[in-house]
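Across the two complexes that follow, chain A remains constant while its partner is chain B and subsequently chain C.
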Partner chain A sequence: MSETVDKRRTGPQPSVPAESAAPRGPSGGRRRRPDLAGIAASYGIIFAWAAVILVFSLLEPSKFFTTANLQTILGSQSVLLILALGLIISLSVGEYDLSVAGAMSVSLVLVGYLNVVAGWAIIPAILAALLSGVLVGVLNAALVVGLGVQSLVATLGTGTLLVGLGVAIRGETTSGISSSLVDVIRYRIIGLPLSFYLALLFTVIVWYCVRFTPLGRYLYFVGANPSVAKLSGLPVNRIRAGALIATSFVGAMAGVVFAGTLAASDPNISASYLLPAFAAAFLGSTAITPGRFNAWGTFVAVYFLVTGITGLQLLGLSGWIEDVFYGGSLVLAVSLSKLAAKYQIYRRSRITRSGGAPG
Partner chain B sequence: MTASGGRGDAVRGVAASPAALRAEGLRKTFAGRTVLRDFEIELAPGEVHALLGQNGSGKSTFIKILSGFHAPDDGGSLHIAGEEVQFPLRAGDAVRHGLAFVHQDLGLFESGSVLENVRLTQHETRAGWRIPWQKERRRVQDALDRFGLAISADAPISSLREVDRALVAIVRAFEQLREAERGVLVLDEATAYLPQDGIDLLFESVRRVVADGFSVLFVTHRLEEVWSAADSVSVLRDGVVAGGGATAELTEDDVISLILGFPLTELYPEAHHARAETAARVAGLRGSVVKDFEVEIGRGEILGLTGLLGMGWEEVPYLLFGADRASSGTIEIGGQAHELSSMSPRRALGANLAFLPANRLKDGAVADASVRSNLTLPILGDYFSGGRLRAGREKEEAAEMIERFRVQPPDAEALMATLSGGNQQKVLLAKWFATKPDLFLLHEPTQGVDVGSRKQIFSLIDEAAKEGKAIVLASSEYEDLAHLCDRVLVFRNGRVIAELAKSSLSESRIVEQCFRDTESSAIGG
Partner chain C sequence: MDVLKSVRWLVAALAILALGVGVAACGGSSSSSSSGTTSEAAGSTGEESSETSEPSESSASDGVAEAEKLVAAARKPQAFDPPGKPISVSGLKGKTVYDITNQLAVAFEKTLTSNTTEALAKAGIKNVVVQANNEVSQATKLIEQAVAQNADAIIIESFKSDLIAGPLQEAKAAGIPVIDLFEGDPALPTPKQVEQGVAALATFCYSCAGKLMADWVIADSGGEGVHGVTYYSDDLGSSLAVNEGQKDEFARLCPECKVEYKNVQGSQWTTKIPTLTQSDVANPEVNYFIPNFDGMATFMVPAINAAGATERVKLASFNANLPFMEEMQNGGVIKSDVGSPVAWMGWAVADQTMRVMNGEEPLEDVGIPLRMFDESNIGEIDLSEPESAWYGVDFASEYEKLWGLK
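Let's turn to the complex of A and B:
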């Protein structure tokens, strides 16, 4: 990982010739040289990922670099990826949603309870689970946007409350969830379960909405400076509330996918997904479009993290390694994202500083 | 309004003492680019010296050398009160040498009290690291009283007016100097965000500082301050001292020519005439200060709103745009009436209003975002068609706007943070003109903007009026108002007390109306 940092620091600094009297020409100064430092900053995590794969392949050639292991790595993280994608929606508008794992937990437990214990058909059970996500989001939005409570504190409360609520609904593991859900989620295409493609589709949707609709820009501006956003005519509070509701809703969807993956519901499993989701979201914000939370960065980050964990486990480290690795990655990721943001400004100012102010 | 008395008093006390500050042959190079060369300046004890120059002329580099942020290249020397300063400076060294700073952002922490801010790092401690709060409070209160400020040492900074905050920052700097018993107070654009009456109060404090034998170096964009406060001037251009001298021997035109490097023929555009058609009609507007304000604004008219600070004029654009809630009032624009008590920026945009707020960093722009995305924010929806954002068209039109508004550098992908204040303001003007407003509200549009950009901003505003847009200019820059506006309304205690137009419109008339009958109005702290 440290090599990505180094790459940010060095690299050529493209310098534009002293400012010409008046810019002419149709495309008004849009020629840019390929910028190695920028590429290193944006795709450093992919190089780091490749390096991790290489190292573990050399250390454990018979176990790590196998089709079976590749399938495990790619197929096992759909729930985490969907959860992290939901999380970046709130993070983009500057709100922390610590209750996202709680929303997932309630949804997961509801699918199991309604389908198995209460005997509902699977479709109504799924709809009820998704509805619970919306309700959680509305509660969060009412606290954070309506009352103005800090999101970090409000969702710390609602998140813990929801995990407890999940246990209250059904305190034990419930197996026997309808095979129509389980079979669909586990249906394999080219060796990978449908849940992987679902998460991939989700990544594409979030990417498209952020990149190719005004929504992404709106989310960013609301997060960066709500006052500017408001004075530019954006419905700031509606956007914040919408983002919080979307995060909880996506969290609930992750719960449904989880139910299909496990073929059971477990009220105690979801809480451990919160930190990895944050680690992936922040690590993802250092890549692809550094300095902003983004879908493909999150996608790569999730698989980068699980590759590292799987490799370390194959080396015989287990138990404590997940916490250390995910926790360490989150700290590293937030440090990197700070550096990336600073570097972005530094690099741009080097490029644009032709006749401008030195300080 | 002259400060010449200060120097006389001081020289009497410390006759034949060395210069308070003397810099010789200072030079600073960043990555091969020399931003300061052969820099020379000398301040006598008790002298107020103004340092002028456009953004990027090297003046902030010099200030940063003084504060120890940059070390100069080898070769030059800096003496303070006859003692040579060794570089690099470490934190705290500047104060020990007798340098104290008041920067543009003041550097006060909002949640703390005046006492805590003034004594920040210098609390006297007794046994057991205990702070004798009684004594500290008395000391700070004495200092505040000495400056004639009606501010309590226990007042939280957040409760103070902008002016009083600046004055507290000066008191703090002065207290640091008193510890050193000599030295130079550096005002680094400390007046940039102050209204005229606040600046006058601040200069009164400055005169108190020099009366005690200290010197003042002040950096500013406002030329009129030079003649009201400074004994002498140095003008920096492209890293060298382009000229200077005693203020008594220089005219404003001389100084502007030194700053720009060429004579400035016309800062303000030619006068123009408003058309007769009405663009907007405001009635019964009430805010927290404004009472029963009504006005009719014509197409192509530039309407000025002014007065002393806190008299209500500065509220009007915020109320009309829905940035602040009015308690009552209506605006009729484009044949439609809008209730102002339920106005929001979103609705105002829909009614073809645009609003440039005074605080660029807080309300105007996102510094970490590109010029393009700042510029197109209010009209981004227009580029969304067929399920996707038309990025090509957005970039093209942003580039066109940037060229039309003469933004330097002409790069739509540059981050806002990398532009100078003047160029940021041009981007924001472009942003709002892109919404094609019928009524454009501006609040202090040239605050913290250098002379060159000011001229461009004035002509852009003027061009817009000629195109038939109605413009409301809320400003405390009386001279700008006198030159730009067709009509100026002067406010006192929330009501319009004078309407100046045509022959009756001049800077001196505005000043006269603002200050008329001041004994009955509250301007004290």
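Let's turn to the complex of A and C:
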């Protein structure tokens, strides 16, 4: 197979360019003012999160600022967080994976079908579900990397195909999934289900792998410029294929966690996770390490959004305002990050000009 | 060569995937209904009945006469029949109910929840309305939220209790009764639902609606030459109940009526129904469309108009939502609509909720009647009035009397 690499970057780009937005060290020995724009770009969403918490705590202290509400907020987003973390792996190499919710759906349905209907023990059922994720990833990689089909198109197709397959395997709700899985996933430590700690652990793993291992760095190189990455000797296509397989595998993992959370399976409930997962990944790319799809940014994005929605609900403001908050937050965060990045470029160019000019 | 290798790889991957799925499907359940448009040839009532008996001429005319009688009764304004014994709601003042709806942008949901809120407010109960956007994850979170906020009761709409069993258990453990809406026909919760944490149900008699739709078609056609097409959604319990009632009624009163049943899941109405209608209306024998819900007609009427078939086919449906009532009043293709009084149901939900909060036995049936609207009575209805006025009953006053507030 030839290592053909697109010359043009057509894949997903984080909302701000990484180099311009990343805070830099002092240059040329000149004393620098604190890089407020850089801090705002990196931690703006955390400040916004804190502001949201503060506002709702003041408005509804007895309802919002309570341990029980904290547990509800943290404990309810595990599946979405895992799915979004899986997504950032393929997004990092510049590939969209619209089939990730389909991979989750097939995995969820397989756990229910194999365990409840076919009578398999829970461990083999989970392994089969995870294997289905790998197969989906292999199919996506074959289409995108092998045949050169655009990932957006290829995974749109495989995603729809997988939703259909999920219904074909088991079209109805299947309850009675083994308590061995359900009890583990729902087991509470300090009031939070184990699924939260799994999602947290997975955030740490993705963060560590991407931040501290060569493979993690390669993902960004490939995503930023596949041609240069190839000229540098990186196995670009293997990395792209691996990233797509990893995303589908993580999607299948999310399906297993979902099965444990629900104690049931259904082929029609996974699709609603697709757009929130993308929203979290893109919103996350504006935070912590702006300009890069990153694990902690995604973590913060997921919980920032659910905190806001919960606060609005507790105020009795349900309905259209939730969508306005959700969509508005995404647009605002991305726009502000872009502005911060532009300001940094402007400021640096001024520093460079003044530093280079004769004194 | 490289391309060949890629293709080989792709084919191999597809084969593995197909094999895996094939194995799963081969051992699959008997109910492997596919999404989209499954035509149930065997579900056609004509075929079902042909296995049983050949109807005689007199029994056929008896069937039509009975259908006409049932339709005539359903056309009249309905009366309020107390669904249960009077209750005292004085002890419920200051309590809070969590009302988990699906989409507040949908008129049905908005009317329902605003009426429940109004009714509960009469007893001094606060109703917190939140929406789950048809997402199980949202519904799960909202039930947990209600538990965390120490709600005194939870109302949840259109989620299969199997899928929210986990949070329902939490509500049960916290002693919070859950009232589950629209899971199917009126009934007491099954032992399984009780174990899951469902304290009471509140729903329309969907099979009655299906029966009435069949009655109208039989009466309108005189039981002759009926070739109907019904669209349903097997992912909605209410839809299955409508279908069951309709099939039973056709089998009972007009076995020779031919009706095809085609499945379109809820999420696929917008994409599948228009194309399906196009192909069905192209069949010159089809003369009745009987979609389970009039919301489906939104996607059907343009195709029927485009085919120039408005004279040949008639559309009979259920729900009596305003746009379709207007279409009927204007002489459009919709000729009958079985009305399910939504505002009334909002009050009935409040009634059932307060009974359960009082620690009383839940009602088996909240007792909401249906009303048939067609060309014979649509002229009498003032569609500029709120939906609550179309049924001819001041149900709000009746409920207040039942609760000792008047």
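Here is the rule we go by: the second predicted complex is superposed on the first by the 282 of 359 C-alpha atoms of A that agree within 3 Å, B and C clash if a C-alpha of one lies under 4 Å from a C-alpha of the other, contacts with A are read in each partner's own complex, and residues count from 1 in each chain.
To be clear about the criterion, contacts are C-beta pairs under 8 Å (C-beta built on N, C-alpha and C of every residue); 3 or more make two chains touch, one makes a residue touch a chain.
A quick note: this is a predicted structure, and the numbers were derived from the prediction, not measured.
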| item | value |
| --- | --- |
| More chain A residues in contact - chain B or chain C | C |
| Contacts of A:A118 with chain B and chain C, given as first, second, both or neither | second |
| Chain B versus chain C as contact partner of A:Y220, first or second or both or neither | first |
| Contacts of A:T66 with chain B and chain C, given as first, second, both or neither | second |
| Complex contact set, residues of chain B against chain A | 30, 33, 35, 55-56, 58, 60-61, 64, 70, 321, 323, 345-346, 348-350, 355, 357, 362-366, 368-369, 373, 377-378, 380-381, 383-384, 387-389, 395-396, 399-400, 402-403, 408-415, 417-420, 431 |
| Chain A residues touching chain C - in the complex, by the definition given at the top | 1-2, 63, 66, 68-69, 71-72, 75-77, 79-80, 110, 113-114, 117-118, 131-132, 135-136, 138-139, 142-143, 146-147, 163-165, 167-175, 182, 186, 261-264, 266-269, 271-273, 306, 310, 313-314, 316, 318-320, 322 |
| Chain A residues within the chain B interface of the complex | 16, 19, 22-23, 27-30, 32, 211-214, 217-218, 220-221, 224-225, 227-235, 291, 341, 344-345, 348-349, 351-359 |
| Chain A partner contacts - residues on chain C that touch it in the complex | 2, 5-7, 9-10, 13-14, 16-17, 20-21, 24-25, 27-29, 31-35, 104-105, 128-131, 133-137, 140-142, 144-145, 147-149, 160, 162-166, 234-235, 265-267 |
